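Please read through the structure below; I'll follow up with questions.
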Amino acid sequence: MIGIYLIAAFSIALSLFLSRKKAITFILLGIFMILQGALTVHAYLNIHSTELSYFTYDSLAVLLLLTLTIIAIPAIFHSHIYLQDQPAPMQSRAVYYAAFVLLVTAISAGYLANHIAVIWIFTEITTLSASALIYHHRNKLALEGTWKYVFICAISITFVFIGILFLSLSLQNAGSDELSFKNLLANSAQLNPFWLRLAFLFIFTGFTAKLGLVPMFTAGVDAKDKAPAPAGALLSSVLMNLGFVGIFRFYIVIANTPLHHWANLVIGIAAFLSVFVATVYMVKVKNLKRMMAYSSIEHMGLVMLGVAAGGIGYYAAILHIILHAFVKTSMFFQFTQLYRVYQSKNIYNIGNYYKYNTSGAMVLLLAFISATAMPPSGLFVSEFLIFRSLFEAHQIILLLAVLLLLTMIIWAFGKNVFKILFIPPVGFDESKVPVISPWESASQFALLALAVFLGLNPPTELVELIKESVMLLPK
Amino acid sequence: MIDVLLITFIITLFYIAIANRMLTYIKVLALQGVLLFVVVFIQLNEINPLNLALILLETIVFKSVAVPLFMAYVLKRNNITREAEPYLPNFVSLIITTVIVVVTILLANGVKDTHLDKIFFVVALSSLFTGLYFIATRRKIITHVIGYLIIENGVFVLSLAVGNEMPMLVNLGIMLDIFASVLILGIFLNKIGDVFKDVDVDQLSSLKDY
Amino acid sequence: MNLIKIFLAIPVLVIILAPFLKVKGNGRIVFLAVVLNALLSGYFALQALSGQLLEFNFAGSLATGMVNLRIDALSGWFILIINFIFITGGFYGLFYMKSYEEQKNNLRLHGVAFLLIHTALLSLCAIQNSIIFLVVWEIMALSAFLAVTFEHEKMATIKAGLNYLIQSHFSILFLMIGFIWVAFKTGSYDFNAITAYSTANPGGIALVLFVVFFIGYSIKAGFVPFHTWLPYAHPAAPSHISGIMSGVMIKIGIFGILRMITLIKVDYYTVGLIILTFSVISGLYGVMLAIMQHNLKKLLAYHSIENIGIIGMGIGIGCIGLGNGNYMLASLGFAGGLLHTWNHALFKSLLFFTAGNVYQATHTLHIEHLGGLIKKMPQTAFLFLIAAIAISGIPPFNGFISEFIIYSGFYNWMQGSMLGPLMAIVFSVLALVLIGGLALLCFTKAFGIVFLGQARHHFHHEVKEVSTFQLLPLYLIAFFIVFIGVFPQFFLNALSKPVQLFTGIPSQPVIPFQEQIGGILLPVTVGTWIFIGIVAVTYFVRKLAMRNRKVAIGSTWGCAYIAPNQKQQYTAGSFVRSYSKLFKLFLSSSKSEEEVQGIFPSGGTYETHIYDHLEKYLIDNPIAAYKSLLGRFSFLQNGRLQFYILYGIVFIVSVICVPLFYDQIVLFIEFIKQI
Amino acid sequence: MLSLFLILIAATFFTGIIIRVKSVASGRKGPGIFQPLKDVARLFKKGVVYSETTSFVFQVAPTIYFSSVVMAMLVVPFGQSKGIISFNGDFIFFAYVLALGKFFSIISAMDTGSSFEGMGASREALYSMFAEPAFFILMGSLALLTGYTSFQEMFAALHIGSYISYALAILGTFVLMMVAMIENSRMPIDDPKTHLELTMVHEVMILDNSGFDLGLILTAGYLKFALYGALVVNLFIGVFQYKYSIPMFFIIQIVLASGVGLIESFMARFRMSHNAQFIFVLTSVSLLIFFGVLLILGRFV
């Protein structure tokens, strides 16, 4: 299946790139959606089975694949609206769709890959496709953003590669030198700690560029800022999840070695710093999109804190990353509508949104509540569990510090969001405010509702899947 | 023999540290490609045509022909000034490069591992860090790409040092990716050349929250 | 069970309907829903108050685990308060909001928020599962935020709302830590786990646990020093909302504290002293700042803090009674606290509603601009007067009754206690008396300046009494104020069960609760009746005597100055001037003055702003420091690629090198230490 | 019951004596002892003038003020014999009922919208606020000493034994007397005979009252004086039978009245700004009494 999927998807991407006809584009997109759905269903049905020896439908992969598919469909829908609204040349439109499909494909494949080098390959592909998406507008700033993103990702992907090399060095004591996670896990006892240490360090640092964690978070922000919002949605949700997969799969390996504690330390430090940096800029920035990007960084920090804390934190981390994906995408989708009203990202020029587009404003409000993990949003549950894991790891000081930072984030985020919602902007003429049908927001409401539902009333399957995916970790 | 080549490689790093001309950088890159090819060729235990072809492609064609030509083309096309204009005087960067090399040697000395060929390790790490340093201190964007390529070479050496190579398929994928990324970098470099007049990093610092 | 489902279904239904209804219809539907929910919950509450414990178990979800609802007498008591205030407040709001009818969506949102607050508050009284509790708690906070920021085009309103939101977030953080703690130790989210845990490890741990919860709840309740959100949120909100917030929402904090007292088995004596200390400080501080306020609603907000203090005193001595095993003292304390909760809900909501009327009539709350309103709006003035006397704790109104119970609690405690407790008693009594006196000063000022004398400011629009419908709920509240004041006995039966939740049924057969408190209250009420009689008689006699006397109307005696005008009236500022001079130490006020000068003075200005010391030192300064700290790190995202690469290098290198040098660093530190 | 009669009788001559003493002290003959009653009687017959700024508050206030004082009278006992009503904590009721009267007198002053009466009102409010703690702590210490919380029981159980208790009694008398001075706004807090409105407290509040209302207010004033006098007396007569105690009552009342008269004729009023401090001194004194009680009961640990 995966083979068919890859070939089909790549060919679809290619033909999208070539096609200049709307109709064909839509048909192709439709086919792709079906394909994506088919892959997801297939993956869910024969879970734990391996295909092409490099792809395994394990529970983590299935979970994230589901998330991706659920997000991808509205993403395409919103991209369509977006491109309708923005008079872009047919060619750039074609590039956009092609890159979009490529990105989704690469991410899915990356989730499924069971070999660290394969993950590496697809991560690299995501960089390339993402760069096309970021450069969609083809202006100076877009170019700058793209350049930074590509460059940082290139460097960090090289780090990952170096890490992989070290990893294979560390494997040499063990019998086999195959770099699949299964094999690594099997031989975790024989891994040479020195090289393993280096390997983890480099791989972690490399993947932070995708995950949006300190130290390599920087370029991601610019990318999410410059990319068209529907693409930005993918960048700041499912693509980050890919980075998470990269780190998490390797973390499972290292967690079964004596280096577990050290790895926790490194992750913990990076995670806390990320939350801190996110706070710094949440307070500072006035560009709504960048603000959303930073909030993603904050959430990734929390996720990794959960991982570092261990215990129930693993469960919480995975739950959190899924819910966050839903919330953040709906927020980015909403941004497209907001931008149509104000033609500006800057909070100074935005305001009184509640008056101009009530349904959209409600989305923004709910998304804010969810993104700051206030109850009743689903993220509250996962954050609650993360805090609990920190508490159980006896990291009270850390917990308190994080809570302080989060409170600051709520204040800053809230200040701006409520400004957007209610305070009338200066010098804004209401005459040419477009009417936006509430139905556009439907998918966003749906995503938010999904986040709440999964958080507060998780179905048994979900819980089982998450439990399975953290099963291999030491208690 | 290999050691000689690798030492030459390190010398090229020193040379890059003090060189001023863009073209020199590119030439050095080409030279490094050749060196790498020879190293791999010597290291090769049995001649397997496919493997050989791959290595040829990876080193000679790619590292020492395609990319340098492309770079040169970019240089000419965007009539980038030929001076490198580093932030720090060459003298300093020479010292720093030396320090890097020394430190890596010490580090390698600290490593207790029989499988690892120390000198490979030294070369790899020193070129990695030199590349990073190069990126951090040069003003032109194209120099960033050059730095990146130096890092790539270092990684290549490291992969030689590691010895056990990946399954063929994976290897291919990796190679293609690196190639693609360089290509993309080049393309955007061109674009930047079109958009901005003189390609200077400082112009690319408008996206910030500071 | 099904009733509960209906109870939850009603708000959901309304929320779904809300976008499709006309504004008027929406308002009415919301009010209807509130009434229905009130009836449903009231039904449960009455059952609970009759002494039976209602318990419902829901399966809950994998995230929450079993969800239990328990409605005991305490919940019942608070449910009744909530319902009464929400019905009156909602009815009042229907008319108060008429003037905003053009803001359709805004009103819809407001209505939904209103309903949500009501439902959330009611549910909070029953929920026993900590996760669900937190969720509902925050729903309440958020919807309250939306309700407060109704006039949200003003930045000030949003600021006030955010201030409230953040502080209530702090409260939820404390609660969360407490719950996490318990869940971690016992592995259960049910409230019974708290009891289990606290009984398992008594002493210090239980005490700390209690303190954590206490702080969490007292942020909501507005105990000093966690009070700073009240004075901003209340003035910003529309009046019916401020009435509800001050009447009910801060009481949910009190409810939480009481609930924790029932749940956590802890050294009650210490707890009692802690609560007493906080309460005394809150009471004094609240009223002291209240006097200085010139914004009517802000003044009332500070009085809420004061009254929370009085309630807290009751609870405090109740706990001390538990600690000493003094049944009488315990029941006096809790009875006083609970009754004062009711009373404060009554007169404070009435005060806020009347303030709302004033605002509607004059569009200002700055009392220096008001005056002489008693002629324009006599009914409002009358109602305000009743509430003002009640809040000053003066007979024959309800405020006196609860304060009297608390007093008798103190004097009861006095018997047979040693020096330490006696000190506590003396200073608490001192505080309570001072609070009474200061409240009197404050409300004579408020009533006198706002309603009496001549208008200090000329309004361009006509100032007139609000509609009779709008006054109806106010009269209802006023009726209860008087009723409790004159016939408190009727409430003792309702009060007995909640109090016995704390005191338990005494082992040795002493006189049951009703007779006890009744025995204390009866003579007072008799006295009240006699007093009313005397007033009636005197008034009658006076009428008789005045029958054929000639009544002349003249101008006020200006001490021989024949051309007095309204500018020469005594102002609020001057009324409290001597007070403010005395208490300069505690109050920091900034003057901005422009002297009149020249032979033909052009006119001068003089205005004072009062600051809250505690707010400055506990909230503003730390936040400023915090922000500047964050600001220092804003260089990270400086747009330079080189730096971005550098971060990576630094991270890797430091992670590699720090362990290498770790021992040396430790050694160095040791070396430094030795020097 | 008995106390009521006694207080009424005392009220008839108390103020008269004060005035008489003052005039004698200033070398005049002065009016008859019952002159104040005559004044009141005359006022009751007069018509009234209302300011057009005033409202119903101004008209009901004197009634309520008067009734509050009467109510307070009913609570006060005489030695062994109860007042009309007596119960645990009746002194709280006593104080708060008087507070009600005060509340109304203050707002009625505000009601006139005059530039002077507000001044008196604010002073009245401030002073009474400061006076109340002293009263409560005094009563509290009596309660602690005797173990009862109603006037009658406290006074009945009160017997002067040791030296320290003498000291306490004297202090108590002082506090009560001073509270009485404040409540009735006499020297040294307030000078009823001053002619400058700026320096008045109580008088300036009733500038606009006239006729029957003024009469009520004045009567209330006389009653109040006798009332506090009775309280002071009660400190001492707890144990005696009536045949001693009743004469004692009148003697003490007269002594007090003439004392007040003398003070007023030979002392100057405090500066307004000093009043508050002075009044708060009473609280400290009553705290002293409290500690004294602790000493007696040996509650120190």
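We call the chains A, B, C and D, going by the order they appear; numbering starts again at 1 in every chain.
Operating definition for what follows: a contact is a pair of C-beta atoms (placed from the backbone, for glycine too) under 8 Å apart; a residue touches a chain by one contact, two chains touch by 3 or more.
Worth saying up front: this structure is predicted, and the values here are computed from it rather than measured.
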Quiz item: Highest contact-pair count belongs to which two chains?
Solution: C-D
Quiz prompt | Closest chain to global C-alpha mean, per-chain Cα centroids | solution = C
Quiz item: At what distance in angstrom does the C-alpha mean of chain D lie from that of chain A?
Solution: 79
Quiz prompt | Distance between the centres, which are taken as Cα means, of chain C and chain B, whole angstrom | solution = 69
Quiz prompt | Whole-Å separation of chain centres (CA-atom averages), chain B against chain D | solution = 100
Exercise. Just give me the whole-number Å value for how far the CA centre of chain A lies from that of chain C.
Key: 43
Practice problem: For chain A, write out the residues touching at least two other chains, lowest number first. | Solution: 147-148, 151, 155, 281, 284
Quiz item: By residue number and range, which residues of chain C touch two or more other chains?
Solution: 634, 636-637, 641, 645
Exercise. Chain pairs that touch, all of them, please.
Key: A-B, A-C, B-C, C-D
Self-check item: Interface residues, chain D side, partner chain C - complex
Solution: 44, 46-57, 60, 63-64, 66-68, 70-71, 74-75, 84-90, 92-93, 96-97, 99-100, 102-103, 106-107, 110-119, 121-123, 125-126, 128-130, 132-133, 136-137, 140, 143-144, 147, 149, 197, 207-208, 211-213, 216, 272-273, 276, 283, 287, 290, 294, 299-301
Quiz item: Which residues of chain C touch chain B in their complex?
Solution: 634-642, 645-646, 649
Quiz item: For chain A, which residues are in contact with chain C within the complex?
Solution: 147-148, 151-152, 155-156, 159, 198, 201-202, 205, 214-216, 218-219, 221, 266, 270, 276-277, 279-281, 283-284, 352, 354-355, 358, 369, 374-376, 380-381, 384, 387-388, 391-392, 399, 403-404, 407-408, 410-411, 414-415, 418-419, 421-424, 455-458, 460, 463
Quiz prompt | Of chain A, residues touching chain B in the complex | solution = 115, 117-118, 120-121, 124-125, 127-128, 131, 135, 140-141, 143-148, 150-151, 154-155, 157-158, 161-162, 165-166, 168-169, 172, 177, 179, 192, 194-195, 222, 225-226, 281, 284-285, 287, 290
Practice problem: Give every residue of chain C touching chain D within the complex, in rising order. | Solution: 371-372, 374-375, 378, 381, 385, 389, 392-395, 400, 404, 407-408, 411, 414-415, 418-420, 422, 425-426, 429-430, 433-434, 436-438, 440-441, 443-445, 447-449, 452-454, 520, 523-524, 526-527, 530-531, 534-535, 538-539, 542, 545-546, 549-559, 564, 566, 568-570, 574-579, 581-582
